[in-house]
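Okay, got some structures for you below.
Note that subunit A is present in both complexes that follow, paired respectively with subunit B and with subunit C.
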Partner chain A sequence: MSVRFDVRAFTVVVLLLVAALAASVVLIGTGDFPIPAADVIRTLLGNGDAGQEFIVNELRLPRVLVGLLVGASLGLGGALFQTISRNPLGSPDVLGLGQGSTAGALVMIVLFSGSATQVAVGALVGGLVTGLAIYVLAWKRGVHGYRLVLVGIGVSAIVTAVNGYLITKADLVDAARAVVWMTGSLNGRDWDQVWPLLGLCAVLVPLVLGNARGLRMLEMGDDVAYALGVRVERTRLLLLVAAVLLTAAATAAAGPVGFVALTAPQLARRLTRSPGPNLVPAMCMGATLLVVADWASQRAFGADQLPVGVVTGVLGGVYLLWLLVTERKAGRI
Partner chain B sequence: MNADRTTSTAAAGKASNTNTTSTGSDGGPRTNTRRSTVNRLSAENVTLAYDQRVIAEQLSVEIPDNSFTVIVGPNACGKSTLLRALSRMLKPNQGRVLLDGQVIQSMPAKKVARTLGLLPQSSIAPDGITVGDLVGRGRYPHQGLLRQWSTEDERIVRESMTSTGVAELADRYVDELSGGQRQRVWIAMALAQQTPLLLLDEPTTFLDIQHQIDVLDLCAELHEEQGRTLVAVLHDLNHAARYATHLIALREGSVIAEGAPADIVTAELVEEVFGLRCQVIDDPETGTPLVVPAARKARTTAAAPVGVAKS
Partner chain C sequence: MLVDSPPEPSAETAPAPPTRRAIRAAGLFVSLAVLVLVALASIAIGAKELSLEQVWHGLFEDSGTYGDVVVGERLSRTVLGLLVGAALGLSGAVLQALTRNPLADPGLLGINAGASAAVVTAITFFGVTSLSGYVWFAFAGAAVVGALVYFLGGSRGATPVRLALAGTAISAALYGYLQAVMITDEAALSKMRFWTVGSLASATNTTIEQVLPFLAVGTVLALALARPLNAMAMGDDTARALGAHLNRTRGLSMAAATVLCGAATAACGPIVFVGLMVPHVVRSFTGPDLRWILPYATVLSPVLLLGADVLGRMVARPAELQVGIVTAILGGPVFIFLVRRRRTAQL
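Moving on, here comes the complex of A and B:
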């Protein structure tokens, strides 16, 4: 999608995809019943024995696919948000979309003791409503920059308070379930989570990439984009809606996995060293990050001991601090 | 057909050259409607407003083809607003802006962008972008999903950089450049758009004097050598008088005078538009009008009654 074919960016994308696939294979092989990588690949290709087939295809593959899709969605959503707000902090984590989804999920868990599907729907709706609220509140001749970030932080604070209230209202079982959900975890994800997410990505990713050139122009300011013939408001609204949907769907599938949306686009553009939104590299980076983080949490703390959100949170927090320090040196914050 | 059009345009241009519209009475601007639009770009009886704040009412302006038109006027007189309307960034509440005989808002955005370029004041260079990449983005309206980067794009980008004198900076990062260089790069980007009309919103603001002249010389070259129609908003009246072939003086959203600078720039006009007492002498370098503000003493003593009457 680049203006001129960018060899470095292409190489980065290929390497990230290879890394994501390799990590996926290793992750499928990891667990209480370890399977060597060669066997994993053989099983995935349909030549494994029955026992391995069940473990790989029914238990671990969907979990890894959810991880890849959630990571890719968060990476892409984050890149869209950061480009539109022209601010690395304008990412869904900071804007409170995750908290919004959490509120939706908590309502389902605490007030209705809902099923997993109901919780996912609640999270999706919560994220969409929060996205809409931020958009309406930040709207003033187009959403951009600090206004979006500040409104997002405000909304995030309010929703966090609501979440705290819901948890105190909950009984012990619901509260435990809520807390696990809130950390963001891939435990027990199966094909039911894969299909809706895959369907959504299949629609949204081509749509977003089709508008990527307009987004590049938007980076230079609304006036320049207008002058170049971009339908600014239409493009921005479409991409924001896509970004909110991607983020909300990812959160509905895996809980609010922290900081992937913030870090993936930034890491990707540092690797490609190419200007612009770097949408595809950010997407691949998100997928890689999430799968590697899931593997790291299982590896270090044993299977299903530590939700993946804890690992991304720790890594992302460190990265955020580093970002703030370097941005300060560059005189931008 | 084409030749016909240009001669009639020239005739129309001449006729309106010394047309000093009087807008003293309220009915003034309403009678200001011009003859049929021969020129490519014009505004007809537009009312321009931001939200509820009305900047100009019933304003009509024609941009003569192949001119270097400069819009001048005091702060908040609506000159940038007019430019935004001409570039379809601001939709008039009433009236219409015509480009090649069509209402500009009704035209496809990319088609407009292939005819009319704009150098806005607020442009942001993306982090880590090189000069060549930025100039290349000017090719956007000529590209589509299926028609991406071509050798022709490459050639036009190189030409645009050469004619703005930034060719040797092609691989440098835009962040590293000086203000004057950066402005040249943005102009190069607008040139790469290859539009016969180019609008520039205060292209010399924030530049020191030698870069101001540098940018204006560049505009004059683009106008003379490449035959583009240029419209610029400028703060400095003397720069405007020196470089413009057609001057539009605005005050409070109305055209006070328009025409060739030598014909319309007088001490009376400057006082009417800017409220400044001055002398107008011949520029020793170019022979164009040069505005010399009256000395402070002369202004305060002589101008006092005028000032009271005005306020």
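Moving on, here comes the complex of A and C:
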């Protein structure tokens, strides 16, 4: 098997990683007790003083790690969904996975006034059940990408209505809590959220990348992929399960942070200018996007004032617009 | 690549055989009859039970009795439901044809986001609290965003993908703003959570008068676009060869869809899904010819909307479920059933 080395894609991945790490360091230094970047790095390497060590390692590092992992999971999940459904709008946001998780979380918040852990479990269950329901309902001698998207939209509409109903039924305090959760937030995330997510990514990311070749073939259509020796349905099921798990776990950890899954693969594809699923660039893009957004929200509105989901929406939207305008000037669209 | 399998190019240059046309025309009349029945049900059924006699009395010999007042209220609600339903279905059908994407709905082009952002601004920064006060804000928001999407989408050179991406981008930015306001302002949250589910309950004659001119203009425009949009379904090059004015058609379609959906959203909040679903249902028995899809969508969307509204009043008496919730819970399974039933090649 020949391996084509795409210099531009490689450069983009490296640059995105550098950006993500730099933003992480700056983000760790940001807060009510600012720490200079040099001190952050020294503390991370294990040479800081006790006070800084506590703040960095116990309070801010887990939050940043959750941000990186959630962003990467959403970016990868989004890229998988968009490739399998062959539609740039076929992201988990659109397919209703986010809404499914939200429904699970809302049930916990509104009906049981549950704790943060219960809400996370509810979100995870909600997301997985929704993913399963979409797959089963879309199944008909195999899952065709397009049917998947349409069924997902149907399921999404139903669940969104249920969510709207739950929110109108909640009292105002629960409703406010629900809205913050639904926006997606990194506030108060600690090591308890990092480990499960990290473990899941450690299993799923290699699995997905190992099947990337099959995915690339799938993009050419089922028949071609079949002729090229890809087990179409098995590959698709495997990748879909991975995408659902990634998205549901990310959502359980941070709430349905909007538009990362939708925009990260699009942005990555435009930066690398290479066809195909662009899985790794999408993953790096998601992580960068989320951490930069969290930093921006802390800088612009003060520590923990506004959840990161607000900023990912605005940032992602503005960047997408900017891309549209510049690409048009360059005559590429 | 936005579309997996674009709507099949219609072979409608030659008129359909008369029998099929007759069947379709008959079907349209049957649909109209169903619509009338649903509208009557919408007037007769509600928290206060009325006999048919009272309904008749209220409709034609209004003398100000309690029953007459109830009928009057339900009448404005029904009329608004008719108008809004038709507008949503039409705008959905036009947008799906324009973007050649069966997933296109008014929400995709940022219209819901624009209206929502404008309403939340009105509540928080201008202290507007009445629903008839929201209307102009919502409409302005929808119109501004619609125009913005069109220009960012490339105005004259707009392609379906660019329009959809521009809509998504603007929605993303606006929802960020919306959530920021709702998180920081509790008063806005307490109002917005009821507005965003979409309801006909607050319909008054004032609202109807406010949005009627826009809906009328939009409907006429949309129906007139059936033929050029048919040509565009065959692809840009073919359409151009057939003498279609691509840019003009795109601009007018955007305008029609924005006006229709903007006015509908202004009147009763973002009711999702009607605009997405009804054109799909219609297409399953009319085929891809927009000259049939558009009229059918105009008639059948209000059937769905009013039917859902009536049901919402029946299941939760004496309170009611908002129509936006019922349409989704009712329409979702039907939609999934349709998607499953049809061969994928037709999607």
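To be clear about the criterion, the second predicted complex is superposed on the first by the 305 of 333 C-alpha atoms of A that agree within 3 Å, B and C clash if a C-alpha of one lies under 4 Å from a C-alpha of the other, contacts with A are read in each partner's own complex, and residues count from 1 in each chain.
Here is the rule we use: a residue touches a chain if its C-beta (ideal position, glycine included) is under 8 Å from a C-beta of that chain, and two chains touch if they have at least 3 such contacts.
Bear in mind the structure is a predicted one, so any value in this text is a computation, not a measurement.
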Original post:
Which partner does A:106 reach: the first (subunit B), the second (subunit C), both, or neither?
Top reply: neither
Original post:
Of the two partner chains, subunit B (first) and subunit C (second), which one does A:150 touch, if any: first, second, both, or neither?
Top reply: second
Original post:
Touching A:128, do we find subunit B (first), subunit C (second), both, or neither?
Top reply: neither
**OP:** Could you look at A:86 and tell me whether it touches subunit B, subunit C, both or neither (first, second, both, neither)?
**Re:** both
Original post:
For A:217, is the partner it touches subunit B (first), subunit C (second), both, or none of the two (neither)?
Top reply: first
Subject >> Contacts of A:273 with subunit B and subunit C, given as first, second, both or neither >> reply: first
Original post:
If you stack the two complexes on chain A, which partner ends up touching A:226: first (subunit B), second (subunit C), both, or neither?
Top reply: first
Original post:
Thinking of the overlay built on chain A, is A:35 touched by subunit B (first), by subunit C (second), by both, or by neither?
Top reply: neither
Original post:
Taking the two structures together, which residues of subunit A meet both subunit B and subunit C?
Top reply: 86
**OP:** Could you pull out which subunit C residues touch subunit A in their complex?
**Re:** 1-5, 101-103, 108, 152-154, 157, 159, 161-162, 164-166, 168-177, 179-180, 182-184, 186, 189-190, 193-194, 196-197, 272-273, 276, 321-322, 324-329, 331-333, 335-336, 339-340, 344, 347
Original post:
Which residues, counting only subunit A, touch subunit C once they are in their complex?
Top reply: 86-89, 94, 137-138, 140, 144-147, 149-151, 153-155, 157-158, 160-162, 164-165, 167-168, 172, 175-176, 179-180, 182-183, 258-259, 262-263, 266, 305-307, 309-314, 316-318, 320-321, 324-325, 328, 333
Original post:
Within the complex, which stretch of subunit A touches subunit B?
Top reply: 3-5, 86, 210, 213, 216-217, 219-224, 226-231, 269, 273-276
**OP:** State the interface residues of subunit B toward subunit A in the complex, per the touch definition above.
**Re:** 87-89, 109-114, 117-130, 133-134, 136-141, 143, 145, 148-149, 190, 193
